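Going by the order they are written in, the chains are A, B and C; count residues from 1 in each one.
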Amino acid sequence: MSDRIFDAAGLQGVLARLRQNAPRIHCLTNPVAQTFTANVLLALGAVPSMTLSVDEVAGFAASADGLLVNLGMLEPERRAAIPLAVDAARQAGKPIVLDPVFVQRSPSRCALAREILAGGVSLLKSNREEMDVLFPDRDGAQRLAKQETALVVTGAEDDIVYSGRQVRLANGSPLLAQVTATGCALGAVLAACLAVEPDPLIAAASGVSIFNIAAELAADRSRGPGSLVPELLDALYLLNEGDLQRHLGVVHAGDILDRRTL
Amino acid sequence: MSDRIFDAAGLQGVLARLRQNAPRIHCLTNPVAQTFTANVLLALGAVPSMTLSVDEVAGFAASADGLLVNLGMLEPERRAAIPLAVDAARQAGKPIVLDPVFVQRSPSRCALAREILAGGVSLLKSNREEMDVLFPDRDGAQRLAKQETALVVTGAEDDIVYSGRQVRLANGSPLLAQVTATGCALGAVLAACLAVEPDPLIAAASGVSIFNIAAELAADRSRGPGSLVPELLDALYLLNEGDLQRHLGVVHAGDILDRRTL
Amino acid sequence: MSDRIFDAAGLQGVLARLRQNAPRIHCLTNPVAQTFTANVLLALGAVPSMTLSVDEVAGFAASADGLLVNLGMLEPERRAAIPLAVDAARQAGKPIVLDPVFVQRSPSRCALAREILAGGVSLLKSNREEMDVLFPDRDGAQRLAKQETALVVTGAEDDIVYSGRQVRLANGSPLLAQVTATGCALGAVLAACLAVEPDPLIAAASGVSIFNIAAELAADRSRGPGSLVPELLDALYLLNEGDLQRHLGVVHAGDILDRRTL
């Protein structure tokens, strides 16, 4: 294991640059997640924009520092906006994060996710169930690796895979699962980290760590999922280098551990 | 009064089964209510889904354990989705809750509410004003009773009527009225209770009691409507058998008290 | 400086009438802001309504006590609803507040904002950047003054200009900028104040003061932007005459200080 791949120093640098650069992330995300996602970005020092209008979205996406495409709920208006925003971000060379929410339950979302992936994105964030539906064979996943797309596979532990290397992280709180849209908001944090860190592995591992360490600190101060929301936003706002140093839970940083995550 | 109709033991059983079975409730609800409704269901141990897309909604509704149809705001997309979801839930035999928000101010919502009621729903949740508009004569309400639709009429006290029996409950907090979407979220809780309790009277009385007892506990810890939101979610998450026993406010459980509620 | 133009007594009167009259404000606002805006109005004792449906919106706007038109995100459905609501409010003589969010980034929003302004609104709330795009020459701003439109220009200090008079206020908290939709919610508060106070200058200065004094009190109790949200709603709910007296930050109340704000 090479602890040079991802460590507290790298993580601290990403958080500092987030606050310094204040990247604007254009978020095409589901209505349930919009307000919380905007507040997560603001608490971190980043800036959200959210318009879905087809006559505006390309301009907003091209001028942003990153784009989040979340397929949850996928109302027709957002579906129409997504290709315009993705094309604009690609042409402008901006990082794109895809979160293929519930593709296992919707053939139309699955088709759209595959189409977006085929054109190339910076990062795919999914859980194991969504991965299995998107990549029923391993060849598809290998192709994804060739396209230089970073993978974040969330679960009890979180795996980040990019360019033949893997980081496994063990931060977080079970309370996160009892608040809606926490996974969706993580997608926006990942886009913000990609906007300030050129190495996708470090950016992705930093985004997961920042969000999940803040969640741990927040859960320690919460009675339940209701108080977790304000506590998590406060924790993201107050997070400092010492917190990151003390709480970072790197289980592995080095070669690929598990072929199934490719 | 027969206290066998609804009592703390019945209520405790419903809460235990909610947490054990984790029913998924598909919610077609207004945009203002979506996030809070999702968080209320999650805090209780249930699972929300919310898509409105016409190509997805029937599948999501049929595979859910219950359906909430809330007419607040009624944007065109949701209006198009509602009949598809209602048909799918009916065919799959899943409980349906209708919340006819503001039908007194919108003829088109009123017409849609009547159309849905004519086809049969498991539970109608409304306030007195909405009831008066939906049922200007008593015959309509009698027909509803024949369709085996449970009624929840909210107010200073809450009435639940089903199959010739009535429960009147006196829990809650005045602060609930100063937070948006609390009534809408109650609709989702009612659907979740119907998913785990076959007797609609007990299910409905349990849903009202769980929500309103949690609100009482939360109000005791709140300075105002802002802190009520996290406190209410925490209270739903932490609610235990003793709380239900101590706070349950059954004013009546037995024969129909008041013909006007039919 | 004439401190008769706007002082604590005038402000206290507006807050008292808000709570007594409970004006209903119809809000055509962006999805990210809807829930928070509704909760801000409810915490103050006002009543929100939010439907965007083209078959309902004119009726809801005409029967409300005020209308908020916020151009953030501007999805097609809201864009279609806005002219109907504005016409209905104008014909019914109800106050209209326009918040031209991000017109500097969207030519189509800018065109719509100019069209609404040309027809006359009670109050335009904007920041300096939006003002510069809406009024590249001063003649446009002079025309606005002739139309009896009050201006609220937000910034480090907030300027209110109406009918040759100006109030400059210095309340607020930097934390407000790290919570989404706080400026959007202020627009709804301004509409509520116009519904209970006939002098647009006093109404606008009261709305800004109520919101920003509550924010100061809330920030003193907050660890970060997460806790600010419940604290701000509690503070709006608990705000009393003494708070307003002690905290009101009038920098100027009298003649126009700065021609650029016209």
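One rule holds for everything that comes next: a residue touches a chain if its C-beta (ideal position, glycine included) is under 8 Å from a C-beta of that chain, and two chains touch if they have at least 3 such contacts.
Remember, it's a predicted structure, so these values are computed and weren't measured experimentally.
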Superposing the C-alpha atoms of subunit A on subunit B takes a rotation of how many degrees, nearest 5? 120
Determine whether subunit A and subunit C, two copies of the same sequence, contact each other through the same residue numbers or different ones, counting it as same when over half of the numbers at the interface appear on both sides. different
With chain centres defined as C-alpha means, what is the inter-centre distance between subunit A and subunit C in Å? 35
Tell me, which residues of subunit A touch at least two other chains? 31, 35, 229-230
Within the complex, subunit C is touched by subunit B residues 30-33, 35-36, 72-76, 79, 102, 105-106, 108-109, 177-181, 222-227, 229-230
Seen from subunit B, its contact residues with subunit A in the complex are 31, 34-35, 38-39, 42-43, 48-53, 55-56, 59-60, 63, 77, 229-238
